[in-house]
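Below: the structure, in structure tokens.
Naming follows writing order (A, B, C and D), and every chain is counted from residue 1.
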Amino acid sequence: MNVGIVGVTGYSGQTLFRLLAAHPAVDQVNLYGHVDEGNGPVRYLDEEVPMFFGHHLPLEPFDAATMMAANDAVFFATSAGVTSQLAGPFIEADFPVIDLSGDYRLQDPEAYAQWYHKTPASQLNAASYQLADLGAPQTHYVANPGCYATATLLGLAPLVQHNLVQPDSIIVDAKSGTSGAGKKLSPLTHFTEANDNLQVYKLNAHQHIPEIVQQLKQWDPAIESIQFNTTLLPITTGIMATIYAKGVPGLTEASVVDAFQVTYQDHPFIQLMPGQMPDIKMVIGTNNCALGISFNDVTNTIMVVSVIDNLVKGAAGQAVQNFNDLFQLTETAGLPTLPVLA
Amino acid sequence: MNVGIVGVTGYSGQTLFRLLAAHPAVDQVNLYGHVDEGNGPVRYLDEEVPMFFGHHLPLEPFDAATMMAANDAVFFATSAGVTSQLAGPFIEADFPVIDLSGDYRLQDPEAYAQWYHKTPASQLNAASYQLADLGAPQTHYVANPGCYATATLLGLAPLVQHNLVQPDSIIVDAKSGTSGAGKKLSPLTHFTEANDNLQVYKLNAHQHIPEIVQQLKQWDPAIESIQFNTTLLPITTGIMATIYAKGVPGLTEASVVDAFQVTYQDHPFIQLMPGQMPDIKMVIGTNNCALGISFNDVTNTIMVVSVIDNLVKGAAGQAVQNFNDLFQLTETAGLPTLPVLA
Amino acid sequence: MNVGIVGVTGYSGQTLFRLLAAHPAVDQVNLYGHVDEGNGPVRYLDEEVPMFFGHHLPLEPFDAATMMAANDAVFFATSAGVTSQLAGPFIEADFPVIDLSGDYRLQDPEAYAQWYHKTPASQLNAASYQLADLGAPQTHYVANPGCYATATLLGLAPLVQHNLVQPDSIIVDAKSGTSGAGKKLSPLTHFTEANDNLQVYKLNAHQHIPEIVQQLKQWDPAIESIQFNTTLLPITTGIMATIYAKGVPGLTEASVVDAFQVTYQDHPFIQLMPGQMPDIKMVIGTNNCALGISFNDVTNTIMVVSVIDNLVKGAAGQAVQNFNDLFQLTETAGLPTLPVLA
Amino acid sequence: MNVGIVGVTGYSGQTLFRLLAAHPAVDQVNLYGHVDEGNGPVRYLDEEVPMFFGHHLPLEPFDAATMMAANDAVFFATSAGVTSQLAGPFIEADFPVIDLSGDYRLQDPEAYAQWYHKTPASQLNAASYQLADLGAPQTHYVANPGCYATATLLGLAPLVQHNLVQPDSIIVDAKSGTSGAGKKLSPLTHFTEANDNLQVYKLNAHQHIPEIVQQLKQWDPAIESIQFNTTLLPITTGIMATIYAKGVPGLTEASVVDAFQVTYQDHPFIQLMPGQMPDIKMVIGTNNCALGISFNDVTNTIMVVSVIDNLVKGAAGQAVQNFNDLFQLTETAGLPTLPVLA
């Protein structure tokens, strides 16, 4: 198979390239520039991404027809607001797309406008939002979940689907490394400011909140909102979502653990740790999600700690997993499960 | 005035030495070894703490009578379980002691045994647990609060004292740098394990939980417990306690902010930030506590973010502040309020 | 005394403010904006530097006459190329200025143009370049040395002044934390790029090279150049300059150590460590320079390791030390010598 | 093929397991405990290495005969001093071994005793020291080079083999992340000490010095020693060796670059960067060595910057590369060349 990547110069795009270049079912990876970058000189991967020294591959001009002719699927690793400008022809052709941006995740265009402060895409119904560990895409246009949303929803799914928590009690204290904020320079991610520090940002306004609530509501319509806080860590990669919720009356730790085991048995990327807590390094470089599970009967509080590599499971890895599912390849093809000590 | 330090080689003790050596009311700082270290050769500060190169000061043998004769006050920067072995003669003589350990913080010896897994001290009634920003010590033996407890209680005091939160709803997601874990080597604080990582530890078992609950109960007897989680950050110094609680019916952001302003007006070390969130670097090197205050009316959740330097406000700085209060010195004497960019 | 700071929003300026605000001889610190910033609304310190929350001090308009009337001395913490636009009236009035920029360090305007790629200042002769640990300023306009130059020259002074090294053999492998690169955003200091990394930059082109060579030539005219390499560390603050040089025939370790002891006896900020090596944390927050000294007779190579806090000894602290010397205050006034564990 | 690992719990062993578990020519990876660990209960990989959660593989007892029967090759990831106790039967049987320890690298047992402070191995002649990028093993017992030695020798090989540098002028300023120091706890690698710091260690005494000199002498007998300094970085993984040497008379940058290109053409893991400088992140997770090459004609100094992942190219990856070469597999089999953004 041949696949294309749009937006390879970003951190998610770089990770996509690394995974797809070694994917056993992929013969060739084609790279494409953004449509809006004009007619400048051809850019090359190694010039744009010094880390890929020696990989002198051209970023070909964006042209939907050419791209569909040359590839079996295309990955969009472009920013929110950009993807929706590019995706139309692919949607109309019902061509397989894995979209890592936020543009097609929300079914409600007003919610998109409110949380993203951008113009919503049209044809939102053509896309399916798919957590890869909880099923296979139902459409050819896949809205790959956000990094925070992935960590949070995989930690909440067993609890909410089994109605184990009080619907108005969910609090998520989520922490992320800086790569999740992308390559764009900002004081928040200036080394001198970010190092040795912890910075709360986007107070009650992170754009992953609505996709989390949208999904939770599908599982339990009684859930209307969650308290969701985002903190920037002085690390490059990794997310830890620390999830708190009050248990329904009579809840026991055994029933909590049982819900997780039922939900995730035979799921190759989910690591369940009842009574233990994962750390971020356990999952770096992998497509895994490790879930620590505890119930404090003194406070009637469930605490689930969910950790992922934000660039793999939270972006490129889950995209490849969705790609595998879409083409009925082995779900784990091309996806590491052993962490890199880096 | 002359002051003595026991336990100067630990991180809190080092910080105490730095602060007291520059304190305007202190003429001399005397250092003492532990009573249980036998009759070995005299140790010197610069040999024990390479960072203090050139400060060739002896650690004199521990002898209570000599120490009381030579000093106006003594600071114990010794570990829990050690201090209670040393403090007896000072208590009996009603001699001024600022104790940075946990040995005299809990009034209930059974709670101490349960959370510290050590034998409780006797004469617990002789000590007063004193958050320096909320009053002056009532006894000559001061139990200086723990680092996590300080960050948490300063963030909760206005809410609990004004009965603004539902008593069973308090959740604290607390994060600390590694210096809080001391000099003792452990895999948790091995650089290769701790760097680029986030590690949850002492699950529902941190020994600062009971002193927090003890204090909260004094402010509001309806509070019986809190959910308190500790996470180790890949930074050296600093604590962020992210505090969540459900508001009582009809609560508004204005009433929350008002409670903080009433509680903390004219408190030189408290930095109130309504609608904003502090980061850890704002307080490093200082005796400040910065408090970010928010109320999310969608989820009816108050979020307070409390940051301190765990070695200063969370240990040595607060100890000096209690010392200042005990001797009716200027409260801010010898205590920095401008952060160090380090 | 009253002092003024121009450029307080940068990292060196912030550190200057912290030191001067606590300086025993300073009554008032006045802050000034740049002359080229136009007539916008007044800016305040706490708005420009969130770390200084609560310090709501105005940045007054830059006006030389007003500034000289209101202050006994002025510190320029402005960038190279900016200072020379501002300094003229102060030089003409022979008013005391401590200039932290590079604009008046080089006596040769052509060298300035070559290494700084900017237009050189006029009146270069009015300024004296002064390493504060090696003497007092000879003019009222003091060109405060650069951070790398300070660490390097303090490590080389005893060797070069005593003619112990072969003049063409000096190699300096210098490493710096990111605060030395300032607040300006760049990919080099983007956290995701800089963390867990080591980046060589300004290959054979760092602008501190000519001031080092200019000073070395004054000590030993046989020195024409040095190999000087700069590497960006994943730390916020601190410089380590690792200095290598071949010894003259017959050199012994004892004669090397002796040269350092002769040069630096009774220098309060210099920590000599014969046969040992300092680490960066030993000096953070202090105005010290710690010097590790070794001689390898197998390779006939002297290795000196020089560490400083780049914002204190390498900028603001040395500026205050020069200020103390200029006004014949106690040399150590307002300058910490005990490191902060941060 | 089946392969065995002894010492899988260390950082090099962990990395070996990760690489071999995904190696296309390896059917099964067997794990073995140390012979000296007695008859305790069986240990399991996931219990010993939490990062390998879910990989519940036994560490079988060490028994040479059984191990040779069950495997085609064995990797020793054991410490210096331990390997020589275990390797005898394998050497006698001429069984393929890749030894990551230092026990068989030095041909001179006295040098081993001097630098390692341990008893040298017998049968040193049975082993071949092999930099995998410079040839294939000549014996079945392969002494895999040390991490510092690999970075340094790959940077020096073209210069020394082509006689471009003055033999007594080589200075290496080498820096390493903490994983190179292993899992053993020590103050040097205690997070609170190592973070935000740079620590020079093993002054003129690092045990990789003699293997570097041994190899250089084989290339140019005029080289008798090098100045080699080791500095501990506040990062987990990666080495940068900054190599300085004086050029022979008449040297030009072109001739330097040419030597590198001749030496390394068609070497898949070597990334040559004339006039540019690599950073550590370019190679993390890969088996690459990136080499920045410069010549400063002002100082007649060549500077080569060599970066590797110390656990991959500096240990486990080079071991797999030597394994591939020994069994005439594709040299790149199982070895990543695209960096992981971690």
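Keep in mind that, in the parts below, a contact is a pair of C-beta atoms (placed from the backbone, for glycine too) under 8 Å apart; a residue touches a chain by one contact, two chains touch by 3 or more.
Remember, predicted model here, so these are calculated numbers, not experimental data.
Student: Among all other chains, pick the one whose mean CA position is farthest from the mean CA position of chain C.
Tutor: A
Student: Comparing B-C against A-C, which pair counts more contacting C-beta pairs?
Tutor: B-C
Student: Provide the C-alpha centroid distance between chain A and chain B, rounded to the nearest whole angstrom.
Tutor: So the centre of chain A lies 39 Å away from the centre of chain B.
Student: Would you kindly tell me how far, in whole Å, the mean C-alpha position of chain C lies from that of chain B?
Tutor: Here chain B and chain C have centroids separated by 36 Å.
Student: Mind checking the centre-to-centre distance between chain A and chain C? Centres are C-alpha means, answer in whole Å.
Tutor: It comes to 45 Å between the two C-alpha centres.
Student: List, in ascending order, every residue of chain A touching at least 2 other chains.
Tutor: 11, 177, 179, 192, 195-196, 234-237, 279, 281, 284, 341-342
Student: Touching chain C in the complex: which residues of chain D?
Tutor: On the chain D side, the touching residues are 168, 171, 173, 175, 177, 192-193, 196-201, 203-204, 225-227, 229, 231, 233-238, 240, 242, 244, 277, 279-281, 284, 292, 294, 296, 298-301, 303, 305, 307, 341-342.
Student: List the residues on chain D that touch chain A in their complex, please.
Tutor: 11, 14-15, 17-18, 21-22, 50-55, 179, 195-196, 236-237, 271, 273, 278-279, 281-282, 284-285, 290, 309, 311, 336, 338-342
Student: Hey, which residues of chain C end up touching chain A in the complex?
Tutor: 11, 177-179, 181, 183, 185-187, 189-192, 194-196, 234-236, 342
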